[in-house]
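Letters A, B, C, D and E mark the chains as written, and numbering starts fresh at 1 in each.
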Amino acid sequence: MQLGRIIGKVWASVKNPGLTGQRLLIVQPVKADLAPGGKCLICTDSTGAGAGELIYWVRGKEASFPFTPDEVASDATVVGIVDELNLGKRSLGER
Amino acid sequence: MQLGRIIGKVWASVKNPGLTGQRLLIVQPVKADLAPGGKCLICTDSTGAGAGELIYWVRGKEASFPFTPDEVASDATVVGIVDELNLGKRSLGER
Amino acid sequence: MQLGRIIGKVWASVKNPGLTGQRLLIVQPVKADLAPGGKCLICTDSTGAGAGELIYWVRGKEASFPFTPDEVASDATVVGIVDELNLGKRSLGER
Amino acid sequence: MQLGRIIGKVWASVKNPGLTGQRLLIVQPVKADLAPGGKCLICTDSTGAGAGELIYWVRGKEASFPFTPDEVASDATVVGIVDELNLGKRSLGER
Amino acid sequence: MQLGRIIGKVWASVKNPGLTGQRLLIVQPVKADLAPGGKCLICTDSTGAGAGELIYWVRGKEASFPFTPDEVASDATVVGIVDELNLGKRSLGER
């Protein structure tokens, strides 16, 4: 999984039926120090995460597990909202 | 999923039977500010998207979901056409 | 899928039985303007493509679809030979 | 698989049910000389590895194999703790 | 598949049961001219390859095919030992 922050949403009226009813979040990947790093991507959501929240997402085939038995044509899904990162002495609370 | 813009098409008469009848679009990945970023790729299409449109595509095993039960030998498929991106204050309409 | 050009072959007498009888092509990825870009890789072939031809390949689980029901241990397979790329005004014929 | 070192943990109270009860480790990828290289990622764990240990992880669909028959929505899992790396003459013990 | 050279081994006493009895090789990816390029990785082996040999490996779900019906939690497996690369005029023998 990778860390990221939700920075926006996508609206799409024409889309694959397997994505109907799914929220599409724009996620900015972040590094362990929470600085942005890497290209934004679009994720489906299984957590109810909102704008600005620190989350982690899963990619690949596993991105469709949270929606089983539906076959959601997604390759990236938000699966958790981060409360706190513990990096040795440093502890970064988010909530 | 990732954002991209359709910039062309590919014609191929010799191809795997699993790709017969599939449109093959050339997609330029774009960043959240819609500037081009990254290498072009070839996608199959499940939306009817045309040249110049802003789309998002799915990669990997999920790229064959829209064609189930056919086994289409594709690893990247356009699954939605973007109406609007919402990035906090900025809202980028496409339609 | 991604565009590439076939630049060579690999001979291997010791290999996984699932690859027996498969041609192994060395593919140089190319960009939309057909200039080389990125690292070479080894692909199995489902098209009969030869040295110097412009092709596109599929990677991941889908790379074994053309060989179903055989379980070929390949993660990259040539699935089409390009006749022509259409990029707006420019049209790049290959055949 | 890739080599990495465990540098921290993630706490998340809101998460996909498929991740309930899983430890989430922050892993810093390392190179063959054990110097850090590449972006940190979050891994589930099948070994009991602790902070500071040198491990290797598996990614993709295989990352959920250790939890079969549970469908854990993970794309990266620690599957081994390294005792020793042997690189020709050099041997790097970890334990 | 990608080309690489075997540069070492990994010993791990604590590991996922799905990896028990598997040799773990450290592979340095090489380019078509056989110069090293890219990050080392750890591969399981289905060929009996030894230190210094030029090999190619498969990654992803296919990496577990050679071990079917065992579910080996590996995402990278050596599937062939290269005898010779043919790049147009140049022919690079390895054996």
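Here is the rule we use: contacts are C-beta pairs under 8 Å (C-beta built on N, C-alpha and C of every residue); 3 or more make two chains touch, one makes a residue touch a chain.
Predicted model only: the values in this text are computed from it and were never measured.
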| item | value |
| --- | --- |
| Interface sides of chain B and chain C: same vs different residues, half threshold | different |
| Fitting chain C to chain D on CA atoms, where both chains share a sequence, rotation angle to nearest 5 degrees | 145 |
| Distance between chain centroids, defined by C-alpha means - chain C, chain E (Å) | 20 |
| Chain A-chain E separation of Cα centroids, rounded to whole Å | 33 |
| Touching two or more other chains - residue numbers and ranges from chain B | 60-61, 63 |
| Graph class of chain-chain contacts, one of line, ring, star, complete, other | ring |
| Chain order around the ring, beginning at chain B and proceeding next to chain C | B, C, E, D, A |
| In the complex with chain A, residue positions of chain B that touch it | 1-3, 29, 31-32, 37-38, 46-49, 56, 58-63, 65-66, 68, 77, 79-88 |
| Residues of chain B touching chain C in the complex | 7-16, 18-19, 24, 26, 28, 39-43, 51, 60-61, 63-64, 71-76 |
